[in-house]
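Pasting the structures here.
Two complexes are shown next, each including chain A; its partner changes from chain B in the first to chain C in the second.
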Partner chain A sequence: MNACASSFHKAATEYIDSLSNSKGEWLTEQRRAATQRFTALGFPDAGHEAWRYTSVEGLLQQNFKITKNTQVFPEHEVIRQFLREPVAARMVFVDGIFHPDLSDTAGQTGLRVGSLGTAMATGDSSLLGGVGSLSGLGDHGFAALNMATLQDGVVIKVPTGMTIQQPIELLHIATKGLSGQALRTRHSVVLEADASANLVERYLSLDSESNYFNNLVCEISLEDGASLIHQRAQEESRKSYHLCDIHLDIQGNAHYQGINAALGGAWSRTTVHARLGGEGANIELDGFYLAGEGQLTDFHLDVDHSVANCESRENFKGILYGAGKAVFDGLIRVREQAQKSQAHLYNANLMLSRRAEIDTKPQLVILADDVKCSHGTTVGQIDDQALFYLRSRGLDKDQAKRLLSLGFASEIIDSFQCEYLREHLREEIVERMSFKI
Partner chain B sequence: MGLVDSEMETLIRSDYAEGFVTQIESDTLPPGLDESVIRTISSRKQEPEWMLEKRLAAYQFWLNMQEPDWATIRHPPIDFNGISYYSSPKKKPQLDSLDEVDPELLATYEKLGIPLEEQKALAGVAVDAVFDSVSVATTFRESLSEAGVIFCSMSEAIREYPSLVQQYMGTVVPHKDNFFAALNSAVFSDGTFVYIPRGVKCPMELSTYFRINEANTGQFERTLIIAEEGSQVSYLEGCTAPMRDENQLHAAVVELVALEDARIKYSTVQNWYPGDNQGRGGIYNFVTKRGDCRGDRSRISWTQVETGSAVTWKYPSCILRGKNSVGEFYSVAVTKGLQQADTGTKMIHIGENSHSTIVSKGISAMQGSNAYRGLVRVAAKAENARNHTQCDSLLIGDQCAAHTFPYIEVKNPTARVEHEATTSKVSEDQLFYCRQRGLTEENAVSMIVNGFCKEVFNELPMEFAVEAQKLLAVSLEGAVG
Partner chain C sequence: MLSIKNLKASVDGKAILNGIDLEVNAGEVHAIMGPNGSGKSTLAHILSGRDGYTVNDGEVHYLGQNLLDLETEARAHRGIFLAMQYPVELPGVNNMTFLRESMNAIRKARGEAEIDAVSFMKQVRHRAKQVKLDEKLLKRSVNTGFSGGEKKRNEILQMMMLEPQLAILDETDSGLDIDALRTVADGVNLLRSPDRALIVVTHYQRLLDYIEPDFVHVLASGRVIRSGGKALALELEEKGYEWLQEGAVA
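Take a look at the complex of A and B:
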């Protein structure tokens, strides 16, 4: 274990020791086990295939602190602007800590939405059962650290047959005071049989210079026939680090639709591990990433067809400008018994600048024969003819490029179900690319 | 579909037709590898001092290397000290004509269907026959030398054209490149050397037939092809090996150098012994092949049909250094029984306007495992680089595996890179359509599989295309309904 890892190990151990051993700290044992797991794993480096293009050195050099943050943020007014849309339930986290005053957990009768912090404090095992059930103790050092020192998060349970029309919104807000800290947030979502819901996750920063590390793990189980729309918009501060591992377990005839947008962060990485565990399971993943000056954006997908008759479809598009760098890795795995699988993955990248870089790696691992699988990747530029057409209509070159780039992004952005998110993301993309490209 | 599957099985199970061992006395070193073995190889081959030094440097480097483990292949560990590193048919007096060649050797070639005499008379193909590790006969030398083409064994080239060999050998695949290239650089036994002078279009297809004959003999071929400015050459490599129980290691290195406006076309049909149905025996084929498009407008094209070997680990690559240079890779890989193949290519775009095309067709049958592993890298200075990659896998039988691992790294915004891959089985619709047109199931599948590979076969020189189609038919005989 190198110096950096041992300092994290020490911090994690101190953190666990500092927790009161009340009934709520039922996780203590798991936390200790995760610390050991962390010791065994260490931090990933370029020698790990999944991390060969995504260096964590910059992140480790920041020396983010693992602290016990209990301070409640007082500035409600600034945040209120984000709370206008109607929702079924809303959970607001300020600097990683659940903020009950800003949240709305009333919801529909039967729907259970609560903070992980509260659930841990009261030792509510019916809600906590899902924690770690899909992720285990973690498959890399950061995930293990999350388990060892997890702070807060959301626990959601949608009971059998219930349909939630309005979105359940998870709002994560980083303030200026967060600089230098590592957040450890974990969400656990269970949709029981035939339930359906719409989850919106947003990551925002009130200060663009704020420098923090958001280390997240999200576990989602869809039981037979359940259906979830999961919309994620990551707009962290431009100096922040964002790491999110999403674990999905999709049972028979269940349907998961994920829409991702990653715009912020100096360094951001999202991994989706999806296990199609019951016949008829279906997953659709869409993603858009925008990486500009000094940004690295990484998406890793691992879709595992473990039984027959499942379908998966992934479509990820990215725009790179400035010295932006993007990494994409899309693995489709079809196990021996997963006959009649259909899996299709597509990744398209638009490179707008000389200093940009894209490393993309779609992968197929097929162990069954009666399958239809495909993947496609492209790296290209704005079409000269399209550019010429727009210029002949009186747009200047930058306007035309922006318009075409926005058109490129729209295919994904339009899949967002919430209109306000679509509008907001479009504006944000245009604004981020507003300088000369 | 059940009927088709079972018939496919019978077809696939067809035996290896090339399994026989030629009884020829050979001069073989005892198994093991150390400096003295390398000195012996070098002295047996009467090599100059500089060659020995190169070998020893490679050996020293190899000692500190780890065998790579990233490929999706599994095999028992290779005992590098259990292999004999030199084997040659007993030295004969210098040969002037085919009559002087050991008749047993000639008979072997006849069994393979390429009698040298016939080759001589037909098709204008010059054959440099490498029997195990030493070239024993070279034909068509004279007509080639009229054109100024040098086509000889590597050992001869080292003795007679040392300046050319020194200038180019190891510049495309340096011994530090990888574990097997380092091993080859230390112990390579022989191979082929081709030099095409400036502006010359090689008057005939050059061809080498490889045979691995001696049991327990690793074969370490070293091939170097240099195409000077404006020259053109097409090189054919075909391989068959007799049936043996123990795994044989083959670690070859092929280096191609294309200078300005030069064109090199390198075609391979590989049909080595794949092992029996229990996975016993079979060749381990770890090959490093790389072409360097050094000159502007140069072009290197790799075409391969891989049906043999128990394990194939092979990534013929192109370094596209010259402006407007072109790299191509066309591949059909068939794995059946317990065969495993991890193959693909690397296209490194450095020069402006460099273009590359990759077409890879994998067929997995029974428990066969087939992986495409490719890299397309566009360096920051490679303006207007263009790549198109197409990888298709065909699955026959529910225990086979097909994997696709393309890596795409782009650092230039003017690059256009496309990658597509599909994996599927022969569809019932396709079969039904052919059947209702009166084709038997066997013919229908055979036609569909041939159609699947057509894009690659079209790239082969004519003689090879015929052989490749035959091989594919034999490989999948009966399997295909």
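Take a look at the complex of A and C:
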């Protein structure tokens, strides 16, 4: 174990020791096992295929700490980020810690929405059962560290047959004072049979310069016939680090629709592990990423067709400008018994600069013989004819590029269901690019 | 308004225009005809500022300015509009947003205030009706999935909204059936005015039945080989381009 890993190991052990003295159910056995797991795994490096183009060196050099903090922040700055529509529940996390005053967990009768921190403090084992059920102790060092030192997050249980129409809003705000720290957030979401819900999950920084590390793991179980729309937007500061592992278990006839936008971060990586575990399971994943000067954005998808008659569709689009860098890895596995699978994967990239870089790798591993699968990847530039067309109508080059870039992004952005979010993301894209390309 | 003198231009080293002379005044409609490859579209592109052409000689003055020095968008700001032969599809770019941003870009460049949303909507609906463009297409992505006729109507709609000083129509009639041709021509005729000039580039005389030109110029091998009134177009229709090309040689 190198010096860096051993300091993380020491900090994790101290953290767990401090928890074991408190009342409640702090999952200390799992945490200690995860610490061992971390020791065995260490941090991923370029030798691991899944991390080949996504170096963690810069992240480790930041030497983020897992200290506990309480922040003073202007509440109105958080409130103005709320969705402009009625919500079924709102969970606000500031610097990784649940803020009940800004949240609304009343919800519908029978719907359980709460914070993981509260569930652990009160020892509510009915809500804690999902933690680690899909992720295990972690399949890389950061995930193991998340399990060892997880602080807070959301626990949601939608009971059998319940339909939640309005969004459940998860808002994660980083304050200026967060710089230098690592957050360990863990979400656990269970939709029981035939339940349906709509999650809106956002990550924002109040200060555009704050430098911190969000280390997240999210586990979502959809039981038979359940349906979840999951809208995610990462809009953090350009100096932050964001790592998110999403584990999905999708049972028979259940449907998961994930819509992702990754705009911020010096370094951000999202991995989606999806297991289609019952016939008729269906997953749709859409994603948009934007990376400019000093940014790396990574999406890794791993969709596992483990039984017959399931469908998956992935469509990810990225805009790279300046010296922005992105990594896309879309793996679809169709197992031998997974006949009649349908899987379609598409990745398109718009390069606005010669210095930008994309490493894209669609992978289909198909062991069944009666399937419909396809994949496609494009890497292109702004079309000269389109640029001329817009300029001949009076728009200057920057305006034309802005319109064409937004046009490129709109296929994904338009699939966000909240109108406010669509508008907001468009504005955010324009602002972040500021169109001096 | 527009004065072209001895314009010579090439693409990838191949000479396309070999000395064009043309004078266009406000209020006039000029038809430019000629066989395929005669340089008609190249002339239209060079006037609107498209990249990829090298001007080797000659001058183009527009409203007292050297046109060739101006960026494409600056020409649009000064009132030049090109209705394209092949309007470009812009997936994801809303047709109405595009129109409004274009109008405002031109207004801004002229030091005028942006158009307010209500006036814009009123105007765009009125104009769409005039060119018989389904209002649904205003809400779709620019030209994306439009039929050939819808694309051309959309071009004329843009022209009507942007109200250019000098409108250049590049083979706007190609691919249009007779009804669409009439609608498009009606739209163009609505814009005819004493302070506006039109250059209509076309291969066939047909369009000129509906948009009556004041002058007809025939291009061949990058030169104007004959200029005349609208009767010249009819003569061409009857005798074909070869008649003039032979004449030019002789």
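Worth pointing out:
Going forward, the second predicted complex is superposed on the first by the 414 of 437 C-alpha atoms of A that agree within 3 Å, B and C clash if a C-alpha of one lies under 4 Å from a C-alpha of the other, contacts with A are read in each partner's own complex, and residues count from 1 in each chain.
The rule we apply is simple: a contact is a pair of C-beta atoms (placed from the backbone, for glycine too) under 8 Å apart; a residue touches a chain by one contact, two chains touch by 3 or more.
All values derive from a computational prediction rather than experimental measurement.
Overlaying the two complexes via chain A leaves chain B and chain C side by side, clear of any clash. Contacts of A:434 after superposition: neither chain B nor chain C is touched.
After overlaying the two complexes on the shared chain, residue contacts for A:165 are found with neither chain B nor chain C. In the superposition on chain A, contact of A:63 is made with neither chain B nor chain C. Greater residue coverage of chain A by touch, when chain B is weighed against chain C, goes to B. In the superposition on chain A, A:36 makes contact with neither chain B nor chain C. Applying the stated contact rule after C-alpha superposition, one finds that A:408 touches chain C and leaves chain B untouched. When the two structures are aligned on the shared chain, A:28 is found in touch with neither chain B nor chain C.
In the superposed model, A:374 lies in contact with chain B only, and not with chain C.
Contacts of A:360 after superposition: chain B is touched, whereas chain C is not reached. This overlay, made by fitting chain A, leaves chain B and chain C with a least C-alpha separation of 16 Å. No residue of chain A touches both chain B in one complex and chain C in the other. Those residues of chain A lying in contact with chain B across their complex are 49, 53, 336, 339, 349, 351-354, 356-381.
Only residues 48-51, 71-73, 75-77, 81-82, 84, 87-88, 90-93, 97-98, 101-103, 105-106, 109, 141, 158, 162 of chain C touch chain A when the two sit together in their complex. Those residues of chain B lying in contact with chain A across their complex are 70, 378, 380, 393, 395-425. Of all the residues in chain A, the ones that touch chain C in their complex are 383-386, 388-397, 399, 403-404, 406-411.
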